[in-house]
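There are structures below to look over.
What follows is subunit A paired twice: with subunit B in the first complex and subunit C in the second.
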Partner chain A sequence: MADANASPGRLKYDAGFAREVYGLENGSYLKQCMQCGVCAVSCATFKIMDYSPRRLFALIRAGRKEQAMKSNTMWMCTSCLMCKARCPRGIPIIDVMHDLKGLALKQGYVNYPQAALYEAFWKDLACRGKVFTGGVIKNYVLKRGLNNLPKIIGQQKDVGLKMLSHGRLPLLPPKAPKGKKQLMQMVKRAQELEQKGAK
Partner chain B sequence: MRYFLYPGCSMEADARFYLTSLEAVAGALDIELQELPDWNCCGATVASSVIGDAPAQVMALRNLGLAETSGGLDVVVGCSSCYMNLSQANRRFQKDPHFRALASESLAAGGMKYEGTVNVRFILEMLVNDVGYERIAARVKRPLKGLKVAGYVGCESVRVHPWEFDDPEQPVALDKLVEALGATPVPFPLKARCCGSSHNLPQTEIVTSCSRDILESAAAGEAQLMVTPCPMCQMNMDVYQSDVNKAHGTSFNIPVLFFTQLMAIAFDLAPSTYGLKANVVAPGPVLSKFGVTA
Partner chain C sequence: MAKKIGVYICTGCSIGEALDIPALSNVATKEKKVPLCKENPFLCGRQGAEMIKLDIAAEGLETVVIAACSPRINYDVFDFGPSTIVERVNLREQVVWTHPADDEDTQAMAEDYLRMGITKANQSELPVPYQAENMVKSILVVGGGLAGLTAAREAALAGYQVVLVEKESSLGGFVGRMYKSAPSRPPYTELEETPMAQLLAEVAVSPLIEVHTGTTIAKIAGGPCLYDVTLQKDGQESSLRIGSIVMATGARPYDAAKLGHLGYGRYANVITGTALEDMAREGKILRPADGKAVQNAVFVLCAGSRDPEHLPYCSSSCCVESLKQALYVKERSPEANVYVIFKDVRTLGRYEEFYKKVQSEGVIFIKGEVTGISEDGSKNLSVEFADLLLGEAASAEEVDLVVLATGMVSNTVDYGAESGTEECAAGNVPTVQQPMLNLAYRQGPELPSLVYGFPDSHFICFPYETRRTGIYAAGSVRAPMDLVSSMEDATGAALKAIQCVELTSRGAAVHPRVGDMSYPEFAMQRCTQCKRCTEECPFGAINEDEKANPLPNPTRCRRCGVCMGACPERIISFKNYSVPMIGNMIKAIEVPEEDEEKPRIVVFACENDAYPALDMAGLNHLGYNAWVRVISVRCLGSMNLVWVADSLSKGIDGILLLGCKHGDDYQCHFIKGSELAETRLSKVSETLNRLQLESDRVRMVQLSIMDYDKVPGILDDFAEKLVEIGPNPYKGF
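Moving on to the complex of A and B:
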């Protein structure tokens, strides 16, 4: 198991990072974790995670910022809710993962293609109030850079053609809601209030 | 019975045939579905990571504010992720006074008021509880006798409020619905396992690996066909099935339908409402003995 290399060398305890995470919207739930590992055995993508959720939480509490933030763990989470439904301490693990993804985006830990997808998705959503697959893909390709384009095309070409030929890939975006501007005003106010409350 | 329908972005795009079959089935069961006026995206599983949990939930709540001011009908949702976001935001609004204050002030910034009175319903739950298996069975004109079906429920719809409607890990409602249509639900241990979700674009191998396990589980139960209520599950099982076969040397050939498509078939509605041309793994061979051509 990868567990063997969890603690190389002496541990420097940095309480600042743990406090930073506890300050996130769902971050303080981490204090409830009793390290039982039910999340790990419940997870659909556990096998490809650098650390299980349990170990990620332990790293955060031990102040290992770089190790935690550079890991792929939160980006592998699919929000399938199995861990949240099973956690004996009632930790909403997927919501914690969402917060950690948000922190990673804010602080520039964005090396995973999933980070590019999240930013691409939001950019499309924010400009039309709904999501248009074509717009998301365009933003995603731009975010990933042209050097990644051949790889993306190689992976998605067949799927794209199938979607097109079965009438499942509209070429025009959906009609935006009339209240799109108001929607974004609501989001902006919520973000301001949330930040004020966190301080 | 009247409801607002929140279609979500996928029913306007890759899952249009979910909407077509759903509307036909609803009509056959005397259910009036009215599209929620001016709805916006629920935020999917992405928005909360980019803009924060509370702001993303406010975004979802705008839809419920619209529903409340337009007559307050229950809002029916067909997509697992949309259902999770709308119902979770609603629940939090109703139970968490701090969030309620934040959300009310945020909604007001866009000129909206919400009192928290709207119910958010998952389409399968609505059909099972408000219509019921008996009435659905009574409407069947083409019993799908002998058809072995894997009911793939997926994740979020049964786990966002565990046990309220169904078992969060071994749900039964979809199987019972399949039974009501005259078909046979097969044993399918991974019926609520994750399909890999939005990894299909950034890291396809995650989806093909998750889908392989799930298709294998369905095949082990000798399923001829899979049905699901979730657009994401449908896409990852159906459109990516040949990628699964390529990546893992398997030879799955299991058509994956929205459960509403199977209902439309069993109800013997107009074939144009089945939307079978959109299914990538051809369902024709399995359905031809029931007189259905795809």
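Moving on to the complex of A and C:
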């Protein structure tokens, strides 16, 4: 496992970061973790994660904010629910992961392509009410920077052409959904509530 | 034949089909001259049992021999009251279910068993219950802590007079000094008041409980129902008679002074859990060094436990106690950072709910090993540890309080060796017994202990028993345990104590031969004062006078017969179990001539494990060698070596002893009976070789009840060996 960003020297326990995480919507579930490791052995993407969910939780409780927030663990989570289903302490691990992703984005810890795609996807959905692949791609490219465009094209060319040939890549945006206005109001209201709850 | 015997042969359960029943009754009537022999197809049915009852009344039978199933079943059906001796001949499990039907060897086996059974019945006498003057039923409880008070309360509630003795000036013990106790009721998450206040109140008002505080025991003489206890208070002695004893003298925390490596004694802010408990009870949890508030606390679990240098064992309750104390800190300052450094969190059963609760309060658990503790100028501690789950060296800084969870040491012992010595490193910390009961027993003044100094007997099957009849250890003196288990344990011990006085006052034995009315009788005029019986009695039942004459205490006796097996003069016998009786049973076996090539094997099987295993083999219809003749003995330790001589001179080819497992994890009901048998056997081997008899003719095998599948293998293997050795040269003499 990549432990390259482990901070040098003795690890000093500090409960400050753990308290910050406990304040998230599902963060307090993290207290219940008894470090059994069932999540790690259940995880489909465990092998490409910097830290297993168990270890990530241990790092959070030890107060290693940098190391935890910069890790790719939560971004590699596919929300398959296996860990949540198996956790003997009933921790909704994927919900905790979502919260951690939110925190990492909000505090500007990550610059992962996965994180950019999350944001691009949401931005498109939030303004259109439906997802338009072209819109997502546009947002993503802008997010990653135009200078990265040749690289992205190079990487995604084959996939893109295949999707196009299968009719999976519409060239025109879809029609707006029914009641888009009300949907947007709901999203706005939810965001307001979240803001309030965060205080 | 003076005795009036009736023989009843059951022909049910395929006995009738497999055996020649008329020939079998001929053995009884013609050969053994038994006046009454009847057959019945369903002897354990109502009609069968009724028939025997009528015969007993009409013919005045004193003894009945039931040739049917194993004595281990239907014992209630074939119980005809205290004035009739019943002898069972096991034709079902050990003959017809394990051997082919209509076979010459099977028939010979059944006939031999019947001969042996009739011989035994002839020699059995009705036991006369042991009675002495002034037998009492009151119960002495030693120790006024949680277990002691619970035992006293329970015994009093059952209507027994209780004398409670406490060394300290007040009752309450260790739990009496606790602030709160861990949850014992649903939802198992909230701290509770300790049960002590209620217990003390109940004991105070009970008219049956007599409390002696500030009192110790100077001496205990006698046996169950006849204990003469001398109490000592302020130099004054008083004595009283007691029926049985519950020993609940508790445990104490391991001496933290030996935990210098964890900073105890060096830094004022390193304290034990007990000290934290005191602080919490007084209402203030502050830094001992300067009285400042506690913002960062570290609990170190397994401090000096599960550590070969200190206590090698787990004290099972320190984890939960520490969780509870972590909540004390959180209760007072919810913002405090509390870390628990553990080896394993052992929160058994419903305590898991409590563990979750403590976690949800924000206490952080770290699996780790403390590597060092240091202090800065302002008395703040720094705890360094190896974080085993992150695999790194880690530390907690600016710690105000370090709490060590020390294990429990039984109050019966003191740890003799200092830590760090070679003996400690070897894991066998020598213990020094603390004077407590001061028994006037030949085998020493205190309860013998098992490993780590906890008094116990047969920890696998009978946790309440000790190796001193009538004395029951309860609570943490017996094994480390929490409050709930302690109270349960004390209740159990109180019931055992009641059982003991009830049985003993009727002259009956206690566990494991519950209700046995016989007891060993000594023909003292032939005693040679060899001390074997006094030395070998596993329960210390036999004292000695100055001339080394044995002084039996029948109420201490568990009727195992180890003394009978030990006695070289064969002067010890029971009314229904004696050396000549078994000797005659051996002589009753018909040994075929050498040229018939049918050797005979006598199997002495312990009635507790080996005999049931043989029965189990029968229940599973596992066939085995037809040369064997099984004799059930009370314990293999009751096997007298003269039986080996009897067998060999009779022309028996081999002798097999089936006894329980011995050693540290012994399974012998009488602690060391099977071990003694093996020791005695090693002595006899030399003699056999000298007499030109191969010592291989006598073999001992350790067998447990689960090993029934091995029975055929063991018997056949031994028979093969005997064929190899050849017939007994004494055959036919």
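Basically, the second predicted complex is superposed on the first by the 185 of 199 C-alpha atoms of A that agree within 3 Å, B and C clash if a C-alpha of one lies under 4 Å from a C-alpha of the other, contacts with A are read in each partner's own complex, and residues count from 1 in each chain.
Note that in this section contacts are C-beta pairs under 8 Å (C-beta built on N, C-alpha and C of every residue); 3 or more make two chains touch, one makes a residue touch a chain.
Source: prediction; values computed, not measured.
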* Evaluate whether subunit B and subunit C can sit on subunit A together after superposition, giving fit or clash. => fit
* Examine A:Val159 and indicate which partner it touches, taking first as subunit B and second as subunit C; both and neither are also allowed. => first
* If you stack the two complexes on chain A, which partner ends up touching A:Gly108: first (subunit B), second (subunit C), both, or neither? -> neither
* **Superposition-derived comparison: subunit B or subunit C, residues of subunit A touched** => B
* Should A:Pro150 be classified as contacting the first partner (subunit B), the second (subunit C), both, or neither? -> neither
* Touching A:Ala18, do we find subunit B (first), subunit C (second), both, or neither? -> second
* Report, please, how wide the angle is at the C-alpha centre of subunit A between subunit B and subunit C, in steps of 10 degrees. => 90
* Structure fact -> Min C-alpha distance subunit B to subunit C after superposition on A, in Å, is 20
* Across the two complexes, what residues of subunit A are contacted by subunit B and by subunit C? -> none
* Of all residues in subunit B, which touch subunit A in the complex? -> 9, 12-16, 38-41, 43-55, 58-59, 62, 66, 81, 84, 98, 102-103, 105-107, 109-112, 155-156, 159-160, 162, 168-169, 193-194, 196-204, 206, 210, 239-240, 242-243, 277-280
* Asked: Across the complex, what residues on subunit A touch subunit C?
  -> 6, 10-13, 15, 18-19, 22, 28, 31-35, 54-55, 58-59, 61-62, 89
* Structure fact -> Contacts from subunit A onto subunit B in the complex sit at residues 25-26, 44-45, 48, 76, 78-82, 84-85, 95, 98-99, 101-102, 105, 112-114, 116-119, 121-122, 125, 129-133, 137, 140, 155-156, 158-159, 162-163, 166-170, 174, 177-191, 193-194, 197
* To do: Sort out for me which residues of subunit C touch subunit A in the complex.
  => 337, 339, 345, 355-356, 359-362, 364-367, 384, 387, 389-390, 392-397
